[in-house]
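Next come the structures, one after another.
Two complexes, one shared chain (chain A), two partners (chain B, chain C).
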Partner chain A sequence: MPKIDLTMDVNGRKVVKQTDPHKRLLDFLREDLNLTGTKEGCGAGECGTCSVFVDGKLVKSCLMPAAKADGAKIETIEGLARPGSLTPVQQAFHKTGASQCGYCIPGMVMAATSALRENPDAGIEEIKERLGGNICRCTGYTKIFEAVEIARDVIAGRLPETALDEDATGESFIGANVRRLDAPSKVSGRLKYAADIKMVDMLQMQVLRAPMPHARIVSIDTSEAEAMDGVACVITADDVPGTDGFGVFVHDQPVMARGKVRHFGEAVAAVAAEDLVTARRALAKIKVEYEELPGVYAPEDALKPGAPVIHDYAQDNVIKHIPIRKGDPEKGFAEADLILEDVFTTQQVEHAYLEPEAGIAYVDHDDVVTVLSPSQNITHHRHMLAEILALPINKVRFIMSAVGGGFGGKEDMIYQGMLALAAMKTHRPVQLNFTREESIVASAKRHPSKVHYKMGLKWSGEITAIEFDMLSDGGAYGMSSEGVMRKAAILSCGPYEVKNLKVDTKVVYTNNTPSGAFRTFGGMQAQFATESMMDMAAEALDMDPFELRRINMMRIGSRTHTQQELTTASLDRVLDAAEAASRWEAGAPKVRGPRRGDLGGPDTRQPCTLGARIGEPTVTPTNDERVAS
Partner chain B sequence: MNRKMRGRGMASSWYGIARTATIDRAGAWAELDDGGTAKIVTGVTEIGEGILTVLAQVAAEELGVRPEDVTIGDNDTSRSPEAAHAGATRQTYMIGNSVALASRDARAKLFAEIADHWDVPVDSLRAFNGELWAQDTNLRMSMDEAVKTCKGRGVVPVGSASFTAHGTGLDPVDGSGSPWQAYVFGTQIAEVEVDTWTGEVQVLGVWAAHDVGRAINPRGVEGQIEGGVVQGLGQALMEDYQTENGYTTTHGFAKYILPTSLDIPQINCTIVEDPDPLSPLQAKGIGEPALVPTAPAIMNAIYDAIGVRIKSLPATPEKILDALRNHVPGREQIAQSARQDRAEAHRRGL
Partner chain C sequence: MLICESYHVPKRLEEALALWADAPEGSRLVSGATDILPWAREGRAGDVEIPALIDVTKIPELKGYSCDKGRIRLGAATVYQDFLTDRTLMTNLPCMPYCAIWFADDQIREQATVVGNLVNASPVADGTPPVVALNGEIELTRLEDGAVKRRTVPVVDFIEGPGRTTIQPGEIATAVTVDSAYGYGGSFQKVGQRRSLVISVACCAALVRADSTGTMFEDVRLALGGVGPRPIRLRDAERRLKGERITQELIQRVAESAADSVGSRSRKEYRRDVVVNFVRAGLEEALANQPEIGAKFKNFGETENA
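Coming up: the complex of A and B.
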């Protein structure tokens, strides 16, 4: 394909370059100019990590063809301040702790800069709206809002420049608001994540993924792909030299599908080629013959007799069952004045870290197979990869690259094995960067769960017994399922001392996207059920919800659900603190919202109507005539 | 019913710190370096929570230098001692204590040399913020000089440590055991506004009180709480990864809806400090616990506002409208009938 000539002013310097016509402005900046502060979080205009200025206007560079920016004046995160210095917006982000993983931050700084350039006096509501196209998965946005307001006031001279300085430290660094050491590199776009790193002679990998959720692999023919110009290697399960299998508790997942695929999007083969386009083309030349198998898509179905078996070792499809027993639940329920029973369900949740999976593998001068990736658990990955590659453990090295968000989703070794195999086969560095779509189909999710709950209470509020039965969908592979069930069981009945209980948590295989570790590891699913039940009980008992919790809360000396004696317990203090801070008006939870006197205080925000904040509304305000019935 | 209804709900939670039902451990190396700086090497995994800064604060405090003088890198299995993974709300607890102990070990080497050099008892020495001094004397030097002096005597002030958290496994039959040595507790309140015409829920305020043991960096703790609350809010109201017969139907952010700046309540954090008696730092953790009570607090608030109890997450506008239409009686009625049943049983002498 013929190249195109582009001329731009980028960060104040004239750039004249030839490039490929398919490139987006984002690719041109990142690949041709090495301006990797601009990130690709989604490639579809949905996240804002790729935000830059084109002729002074904030633009999502993943949506703009590079050719369209010909002749334009481009400003990227790298161009906002001179090297070694930071703009007031960047300094304010540093001061308030507005950057966590940092992956959204360059885009966020661009959006904030744009907001204040467009309206130096923007109020908080307008700032929020102007940041509305930029997703941050880490911070909860609150410190970002704070940063933009401080920067606005410093720029306008309403606050002195010292407002951007670090808070003073007293007599100890423990308890001090020391600014994050990594923030300057994040707010300036200087921090390199795995996808931002280039090595000499590096190949690009692409992965062929299963087009169906459950199938036997009859054959894989890679010959045509291998014969293509620019293809360095094609790998499949046959290339694994050692014991194939990874997972946090059970090593049931092969590096690439071995004999059968168990979920939609599972890796089946991978290509390493001179460039991304060649690697993508080669995928289309790999011929895989599948024989579709009946699948299981609901955990209840997985337990039915005769259900399709997903892993041979688990003929009943059960990954793990954790029982907890304490006291005599039957007796406890017999003593109860009130018994409540209900069912609670939670959904599958995507981690949605802004940085999609990415990594590089190479074999170093000491023959050490080295993988650089944003993994949350390289200690364990090294153990597993050494087994998979049949290498001594010191011949496998994992290096953590900057992690653009994890939340548990980067604990599973779902791609590092493929990179290592390709590096060993080619003796060249190999890089794989997931697209957002790939990240969503291939990475683990929060376990969806269903809890059958039975709680017995006395009129006094004392819980006499609980029966808690959770069934979770583990999806196609075990990953962290066992641990998630254990934690869900241990925490199940909440921070309350319950004398009699019967708890069961069970997780099964299905042909759905695997479930794995996700911030709280089963704890939120279980306690969502418990805390809903507690309020339902408080209503039934005509009791304030704080009071009911105080009656039952764990104290020093309490025995937990697993019969551990607590030597410390702070729920009493925490309840007092929350009640006081929120100016809670006591009363039973009997739909008293309309009568409450504690609503709408200065510690709440205003409800929002889209488009009503910026002087010129871009969206028609919600029409009050619209009746949904 | 007015179109816009408001209400409040609360929920509590608890959580264990560090790996579950097992012995957790973490190692670290520390060195007081030239110029009064410090090097910390440990298998830490910064995933955005700010652990590198927390560890730099801990090392600075223990070594007598400033946090910005501490060099600390990320994990590398061939270069760092094992400190395991970023998860289980374990890094501040496990690696924080390991770094504290390793730093004390390095400091002890330095102090031994300086005490000898000055001819003062070693326990009279103090170091903070780049200065070292002997109490009740005029003896004082910078950490830069102190390291020079120590090295001049032939000693490189290095230290190492391993920290252990003693959890036990669960009994396979009754689940009994002591899975963690430290627990944290939390409570959150949510204030919502429900649009009864569209079913849309806006969370206007969240009050979050969490025990963290000891807050090493209060702003960092707030950041974790705010991030956790917003992830909890996402799961409560909008996020829903869906498959149809195994095929993903939410394959991008256009279909998988995440909270944006317009969804964010005012988040009011209260940090409660109940020090951990079993570890030198006395800190516990906050990463995961912050998310636990948010969704139930929001569901309880929705109930308070409109008398509709959502038991199946997320509480989408469709579900809210549906529940409003098929209004299910509240618990009050159920309790009344339970009371009547009981009175009836009593009368019959059962």
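Coming up: the complex of A and C.
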């Protein structure tokens, strides 16, 4: 396609460049000018990692064609401060620790800078409003808002510049602002994530994904794609030289679909080409013939006799069953004055880290296959990849790039194998950057679960027995499922001493997106069931929910569900602190009437209501604002 | 991803019209580009290859606004953020700031244009109800034998259904002209899947002017979005309020009768409930938002958001 000429003032420097007409301002800054402090988190204007100033106005550069910015004055995160220095906003972010994974932070700094330029006296509600187009997943907004308020007051002279210095910490770091060592690299946009790194002669990879959840692959014809100009290679499962299979516990997942696809969006083939557009066009030329198979989409259905089998090795579709037995549940229920039964379900959840999966692979001068990616488990990945590539371990190397948020979602080796194969086939560096849509369709999710719960209690509040039966949807591959079930079982009945219990956690294969590691690793699903049950029990017993928990809590000397004797325990202090901090109204749930007095207090966060800047609802108009009738 | 063979940024209207008239099949006009770029992604249109994109935002005639005979002509390059920064627009189009503040975010509002929003003709476009309430007319421009010709169409008739308008091949929407509602109180109600950065399920714009005593409805404008394929102006409700004494009972009665305006087939009962609450809340908030001219009717009690 014919190029276009663009002229811009970028961070005070005149830039004259030829580029492709389809490029977005984001692409032009990152690819043509190497200004990678501006990130791509979603490409759809939702997240704000790509915020830049265009002629003084903050915009999302993923929503602006580069040609629209022709002739404009552009300011990016790299241009805010002179090299080696930080603006007051950046210093304030450094001070308050407002940079965890750091991927959203350049955009946040830009939005904060814009907010204070637009209104140097913006109150906290207006600051929240003006930062509303930027999403953070791990730092948390509290530190960010605190940073903006400090910066505002320093810029306005209401606070001395020393307010940007590091806080003194006493004996405890808790409750104090603690600087993070790597914050300057994040608030300045200098930290390179995998998608920010370029290598000489590097190819771009794109992945063809399954359009259906369960199908036999009859044939894959890559010849037309391979024949295209600019295509360096096309890879499929046939290119795997060693023992194909990865997973945290069971190695049931091939690098790319092998013989059949087991979930929608599973990788089927991949192209490495000179540029992204060529790779995208080549994907459209790959012909795959599928024979659709009946699928399983509910865990209960996976266990039915005659259910479609998803993996040959597991004819019953069970990935893992973890049973725990303690005491005599039958006797415990016989002793109970009250037996409660209920079902608790939780849904699939996406991690939604701001950094989509990205990586580079290359074969180095010593024939070491090297993969750079934000992997949360590089040593295990290295061992698995050596088997897959049939290489000795010293010929496989993993480099962990800066992780722009993981939460467990980057523990699975879902794309590193493809990168390695393409690098070996071409002997050139190969990069793959997921789109947000691809990240959502292909990465593991939190396990959806269903818990059948039965709890026996005395009128005194003492729990006499619990039956806890969890069925989880593992999706198409095992990934971390076994570990998640173990943790769910261990934590099942909560921090309460239960003498008689019967716990079963089971995870099965379905044709849904695979489930994997996600913060709490099964604990959340179990605690949702247990703590809900405790509140319902308090209601049934006409007892204060805190009181019920104190009666049953684990103490020093208690035996856990897995028979460990505790030598320390802190739940008593935790409950006291939570009760005080929440201004809890003591009493059984029903004594409060229709309105609770302990909700909506001064330190609770109110829902967002926009419009702070419209100000007083009454605008006092001046005569010259009136349009003549 | 969106791939285009060429990207044009005409600096004159005639040039843009000529480019557009001669553009190869499949070419598109671009204004803010905040809708076309997310559209060309996986899950929506996927990869899209377009022969030519013609960007109309650098044409001087399409920039800014002008005022004449109680009407305001908003050039097609007018962005949503203007309704939160320009005092003249805020006071003369008092429903627009409330619409704008719930529309996307500050950054998208710096690019997204009202006219682009109207031309896309989404049944849930936030911009449609306030423009319809302001008696908006869209200006369509074309080249005829080398001369620039214009016609105007009321927005309420211009939008025919989801993505369908009466725009003709070769025409560019160059402006929307709306009433000045100086002295009116304005409000905007919106509900979506979540509170922020989200497309509406339903929305409602209201404009109210009470008489000098603050006790009578002198003028009322009500429009709905998201409850049918086309924008809806609640003419009947307006007639029943105009000239009447402002009472909670009247507002409630008129609000309830508005439920029948819901034409959507999906979630119909939900939308009927929403419309009743939106018309009531819209009128109450618009009354409360009137500028300090004369007395105000206050006795509303507690208002709940829908």
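The criterion applied here is as follows: the second predicted complex is superposed on the first by the 588 of 629 C-alpha atoms of A that agree within 3 Å, B and C clash if a C-alpha of one lies under 4 Å from a C-alpha of the other, contacts with A are read in each partner's own complex, and residues count from 1 in each chain.
Quick note on the criterion: contacts are C-beta pairs under 8 Å (C-beta built on N, C-alpha and C of every residue); 3 or more make two chains touch, one makes a residue touch a chain.
Since we're looking at a predicted model, the values are computed, not measured.
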item: First (chain B), second (chain C), both or neither touched by A:V368; value: first
item: Touching partner for A:E437 - first (chain B), second (chain C), both, neither; value: both
item: Partner chain(s) touched by A:F398 [first = chain B, second = chain C, both, neither]; value: first
item: First (chain B), second (chain C), both or neither touched by A:G516; value: neither
item: Partner chain(s) touched by A:P65 [first = chain B, second = chain C, both, neither]; value: second
item: Touching partner for A:V277 - first (chain B), second (chain C), both, neither; value: second
item: Touching partner for A:G132 - first (chain B), second (chain C), both, neither; value: both
item: Partner chain in contact with A:F528 - chain B first, chain C second, else both or neither; value: first
item: More chain A residues in contact - chain B or chain C; value: B
item: Overlapping contact positions on chain A, where the chain C interface meets the chain B interface; value: 44, 46, 129, 132-133, 437, 441, 607-608, 610, 626-629
item: Chain A-facing residues of chain C, complex; value: 1-7, 9, 30, 32-34, 37-38, 41-43, 47, 53, 55, 57, 67, 69-72, 81, 84, 87-88, 90-92, 94, 97-98, 101-102, 104-108, 110-111, 180, 182-183, 195-197, 288-292
item: Chain A - residues contacting chain C, complex; value: 1-2, 4, 21-22, 24, 43-46, 48, 51, 57-60, 62-65, 67-68, 70, 111, 114, 129-130, 132-133, 276-277, 280, 284, 435, 437-438, 441, 607-608, 610-611, 613-614, 617-621, 625-629
